[in-house]
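Just passing along the structure, written as C-alpha cells.
Labels for the chains are A, B, C and D, by order of writing; each one numbers its residues from 1.
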Amino acid sequence: MKLTSSVLAVLSFAFVFMAAPARAQGWNPPPPERRCPSQWGPNDERGAANLQTPQAVLKATRMIREGKVYELGKVLEPSMPRSGARSYVLNLARTSGPNGRNQQRGNEETVFTELGQMGTQFDGLAHQALGPHLYNCFENDALATRTGFTKLGVEKIGALFTRGVMLDIAALKGVDILPATYEITVGDLEEALRRQRVDFGAGEAVLVRTGWGRHFGADNKLFMSGEPGIGIAAAEWLAARNVMMVGSDNWAVEVRPYPDKDLFLPVHGLLLVVKGIFLLENLDLEAMSRDKIHEFALIVQPLKLKGGTGSTVAPIAVR
Amino acid sequence: MKLTSSVLAVLSFAFVFMAAPARAQGWNPPPPERRCPSQWGPNDERGAANLQTPQAVLKATRMIREGKVYELGKVLEPSMPRSGARSYVLNLARTSGPNGRNQQRGNEETVFTELGQMGTQFDGLAHQALGPHLYNCFENDALATRTGFTKLGVEKIGALFTRGVMLDIAALKGVDILPATYEITVGDLEEALRRQRVDFGAGEAVLVRTGWGRHFGADNKLFMSGEPGIGIAAAEWLAARNVMMVGSDNWAVEVRPYPDKDLFLPVHGLLLVVKGIFLLENLDLEAMSRDKIHEFALIVQPLKLKGGTGSTVAPIAVR
Amino acid sequence: MKLTSSVLAVLSFAFVFMAAPARAQGWNPPPPERRCPSQWGPNDERGAANLQTPQAVLKATRMIREGKVYELGKVLEPSMPRSGARSYVLNLARTSGPNGRNQQRGNEETVFTELGQMGTQFDGLAHQALGPHLYNCFENDALATRTGFTKLGVEKIGALFTRGVMLDIAALKGVDILPATYEITVGDLEEALRRQRVDFGAGEAVLVRTGWGRHFGADNKLFMSGEPGIGIAAAEWLAARNVMMVGSDNWAVEVRPYPDKDLFLPVHGLLLVVKGIFLLENLDLEAMSRDKIHEFALIVQPLKLKGGTGSTVAPIAVR
Amino acid sequence: MKLTSSVLAVLSFAFVFMAAPARAQGWNPPPPERRCPSQWGPNDERGAANLQTPQAVLKATRMIREGKVYELGKVLEPSMPRSGARSYVLNLARTSGPNGRNQQRGNEETVFTELGQMGTQFDGLAHQALGPHLYNCFENDALATRTGFTKLGVEKIGALFTRGVMLDIAALKGVDILPATYEITVGDLEEALRRQRVDFGAGEAVLVRTGWGRHFGADNKLFMSGEPGIGIAAAEWLAARNVMMVGSDNWAVEVRPYPDKDLFLPVHGLLLVVKGIFLLENLDLEAMSRDKIHEFALIVQPLKLKGGTGSTVAPIAVR
C-alpha cells in the first residue's frame, strides 16, 4: 500500500493536534479567600500593570535594534467582526464654514461603539467577574454605575511598554491557521520557545499566534463561530511566570467554545479576575510571523476611559 | 522712589510679553499651485508620517535612558472641556450572566463621542481644509462621505515613534500659565532651545508648553474661552525645520482667538493642510515640566478609524 | 393693626398649602402575592392599555367639538432639562449628492439619547421595579437583556386614544406655580373636579397641572431640583378609579423629593408596577390652562421601541 | 388550444401592469422662480401643515364611527430594513438601586439611530433639496448646522389629524404585492377611488398600498432592492388636489429605481421640496386592507426634534 502525501499530511495533522489537555477540564475558580488580596495588596486596582517598571522599559528598549515598527492593530471599520449586540458607527460631521479669509473648514466624526471592546482591544480589570467579584475581589455591583466603574477603570492602567515574545503556534504546527477548536497546550508553548530560541520572564508580554486572525474581515461569521486558543492549562502556566499581558490574533485569546462545556470564558476569569493579567485581542501578527520576529518591545496605549472596562488600541511591536 | 518687587514683576511681565509678531498678521494660505503636490508626491495621503523611518525610531530610542514613562494623555470623562456641539457619553453595558459553573459575568461600555477630536487628540490630514482643499489639494467634497473620508483617513498614518523636544515657554517666561491671548514667537522658541540646551531636526516632534492645560477640567469655561499658543510665524519656523508633529497643552496648539481677526485657525491650515504636519492637542506636560525633561522618545498610537479625521490618543514620552 | 394685602396673600398661601397628607407617609408596596396577578391575568404585558377599547375611543371622540388641537409635547433640544446621566445629541447627517438631473440632495440626522425617557415622555411597564419585580411580578433580571426587555416592552402598548381631564391645581390654588415641595392631596383633586365641573371614569386619563413646567428650559437646575406633584394618597385615589394614564407638567408626576424620605419614587411604583397605569411626564399644559380646557380627547402615540421602557412622545389633546 | 389558468393569470398580469406612464419621463423640477414663494408665503416653514385646520379635524372626526384603531407603525428593532449607513441600536441602561424601603429600581435605554428617518417615518421639509434649495427656496447650506436646521425643522409641524383615504392598488390589481418596479399610474389611483367608492379633497391624506410592506423584516434585502410606488405623474395628480400627506407601505413612497434613470427620488423632490407635502413611509396597511377600510381619521404625531428632517412615528388610522 502506498500512502499519498495528502493522506500523510492528514495523518500528521491529526497527530499534531491529537493530545487533549486533561488537567484543564477540571478547573474551578479559586474561592475569594484563596485569591484575594492580590499580590499587590487589597486596594490594588492595577494588577499586572504594577510590573510596568523602568527596568521593564529598559529591557524592552534593548529589543529595538533596527527601528522597525510592526502595527498590531486592525483598522476600525463597520465591516469588522463583532458579537451581535456590539455596534460600530462612524458618521462624518462637517462643521460649518468657510471661516475667515483663509476659508477654513473643519471636519470631525461622531463614533458610537463599545469602545472598550471593539477591534484590536485591551481588556482591563473591570471587564470580567467571577460571580459577584471582579479582580481583587472588588464587588461588581458596588462598583458598576450607569457611567462606568468607580474602581478598576482602565484609566488607572497607563501605557504598557515591555518586552514581548510572539509564540507562533500555527507556524510550529506547519499550518496557516490552527483548527477552529484547537486548544493550545503548555507543550505547544514550550516547544515554540525552544524552536524560536526565545524565553520570557516576569512582567513581559506573550503573544500567541493561531493564524485565526486571517479570517478577520474575510469571513466574519466563521471568525466569530469559535477559535483556536489557549486553555486554562496554558493560562496557568503563563500566569505562574507572572506575565503582564497575554495577547492573540483571535477575538478572545482562549479556545472557544471551551472544551469543558460548563466553563464560560474561563481563561478570562483566570487571567483578568484571579491574576490581574491583561488580555490583548484581535492582534495582527501576520507581518511578524512572515518576518520571523519573535521578540520585541511591545507598546500599548489604552485610552484613558474613566471607569472603562478596556480600550480599543493600536499597539506596536518595535524591533 | 522705590519700586516694590510686585511692581517690578508686573513691569517685567509686561516687557516679557510685549513684542507682537508683525509678520504673521499678513499671512495668506499659499494658492494650490504653490503648495501641491506636497513634498511626498501628488498621491500622498500620509504627510509628515513619511518622516517616520527606522532611523527616527532609533534616534528616539537613544533618548530612553532611565525607562521613565510620562503619560501625556488626559483622562476621558464627561467633565472634560469641549466645544459646544461635541459630546462624550460612556454608558456601562452589563452583559447577562452568570454563565457556567465559573459564574462568568461580563461588562463593557458604549461610548458616543467625537472620537477623532476629544480629549488629548491627534489631528490627522482630513480634519481641516482651506477652501475646497484638504492636504495635498485633495478635494474635501469629493472625499467626504457619510461614513468617513475615502482618502487621508487617520488609519493611513500608523503609530508615530520619534524623538521629541518639549519647549517650556511658561517656564521660560517665569509664569505658571501664559496669558490667555499670548502668541508665542519664534524668538521664544529659539530662546527656549538655548536655555534648555536642546535642539531638534527633521522628522521630530516639538511640544510647546503654555501652562494653559492647568485650566483643563479645573475651569472649562476659561479653558475654552481662548488660549496662548504659537501663531503663523512660529508655525512657519517649525514647518521650515520639517518637523513631524507639533503639540501643546492647550486645545488648538495655536493662539486663540487669532490676533488677525480675519484668520480662523490659520496654524491648523498651515501645518495640517499646507505642510501635512500633525497636531497634538490637550497634552499633559506638567510632569515633564516639573522634572525638567526636554528631550525624549515620543510615542503616539492613533486609533485606526477608517476614514477618520484624527484620534483621541494617550501618548507617552519616554526617557 | 392693618394687614397689607401682601401679608394677607402670604397667610392665605400658607393656609392653602398647609394640610399635609398623613396617610401617604406610612405606605409600603403590597407584597407580590397581594398585587399579582394583575386584574388582566398573569401573562398580561399591557396593563391599563387593556382599558383602550372602541368605547373609550368613541367617548373621547365626543369631546372633539371645535377641532382644536393642543400640543402637549415639548420641543426636543439640547437645552432641555434632564437628569445627569442622560444625553440628547442630534447631529445633522448630509448625504452625498447632488444626484440626477434633478440635483437631489438628502439630509437626515443621527440622534443619541435615552429615547424612552427624554423630554415629554410616556413611561411604560418595564421602566420601574419594586425590588426584583416589574409589573405583574415579572422578574426584572429575567427580562432585562442587553438590547431591551423580552417582555413588557413599550411596543406592546400601541396608541392610546381616550378621554382626558386636566385638573388645574395651580389655578385652583390661585398661583402660577405650586411650591416646589407641595404634595397635591385627594382633596385638591376633588375640589378641582367640583370647580371645573368635570368628572372622569375608568379607562380615562387624568392630567394634573402644577405650573412647574414653566421652569422647563427656563431654569433647568431649579426644574430638576424637586417638584410639586401628587403623592401616594392621591395616586391611590386615582388608581381606585381605574384610570389609564396619569400625566403632569413636571418631570416625575409625583412630588419630589418625597416627603417620606425612606420612599423613592413611590408613585411610580404604585401606578406603574402595582397597577399597570401609565405616566406622562413633562407635558405642556399651559395653553389648555389659559383656555380653561378641562376635558378633551387625549391621543398618545408611543414609538414602538422593541423592549423599550417608554417613549418620548408628542401627545395632543383635541377639543 | 386550451389555456391553463396559470397562463391566463400571467397574461392578465402582464396586461394589468403594461401601461407605462409616458409623461413622467420628461419631468424637470420647476425653477425656483416658478415654485417660490410657496402658496403659504415666502417665510412659510410648515408647508401643507397649513392645511391642518379645525375643519380638517372635525371632518376626520366624523370618520370615527366604531372606535377602531389601526396601528400603522412598524416595531422598531435591529432587524428592521434600512439603508446601509443608517443604524438602530438600543441598549438597556439599568440605573442603580434598590432605593428606599420600597426597593425602587429603574430601567431606561440609550438609543442611537437616524431618528428622523428610521422605520415608519414622517418626512419633513428639511429632508430633501433640489440643488441648493429646500422647500420654499430656503438654502440648504445656509440652514444646515452641525446640530440641525435653523429653519424648516420638524418641530414646526405639530401633530397632523386629518381625514385619510387608503387606495389599495395591490387589491385593485388582484395581487398580494405589486411587482418590484411597477409605477402606479394616475389611472390606477382613479380606478381605485371608483371601486372603493371614496374620494378625497384638499388637506387630506392619501395612503397608497402596494403590498411591498410584506417584505419588511421578512426579506430586507429584497425590500430595499427596489419598490413599486407612485411616479411623478401620480404625484402631480395628488399635488394638484392639494393633499397634506402621501404615505405608502414601501420605504420611499415612490417607485424605485425610478424609470427615468436620470432622476433621483423625484417624487420626494416634487412633493416635499416643490409642494411642501409630507411623506409617510413604511406604513403597515395590511390590517386595513384585510378589513377593506378605505377612509378614516389619520393621526400622526412627529417627535418635536428641533431642527430635525423628519421623525420616526407610530401613526394610527381610526375608524
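Heads up, the rule we're going with is that contacts are C-beta pairs under 8 Å (C-beta built on N, C-alpha and C of every residue); 3 or more make two chains touch, one makes a residue touch a chain.
From a predicted model like this one, the values you see are computed outputs, not experimental measurements.
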Return the chains common to the contact lists of subunit A and subunit B. C, D
Degree value of the rotation bringing subunit B onto subunit D, based on Cα positions, nearest 5: 180
Call it same or different for subunit A and subunit D: same when shared residue numbers make up over half of all numbers used at their interface. same
Gap in Å, rounded to a whole number, between the CA centres of subunit C and subunit A: 48
Mind pulling the residue numbers of subunit B that touch at least two other chains? 85, 87, 89, 91, 93-95, 110, 112, 144-147
Write out the stretch or stretches of subunit A touching subunit B in their complex. 27-29, 52-58, 61, 64, 66-69, 71, 73-78, 85-87, 90-95, 97-117, 119, 126-131, 140, 144-149, 155, 158-159, 161, 262-266, 268-269, 299-310, 312-316, 318
Per the touch rule, the subunit A residues reaching subunit D in their complex are 85, 87, 89, 91, 93-96, 112, 144-146
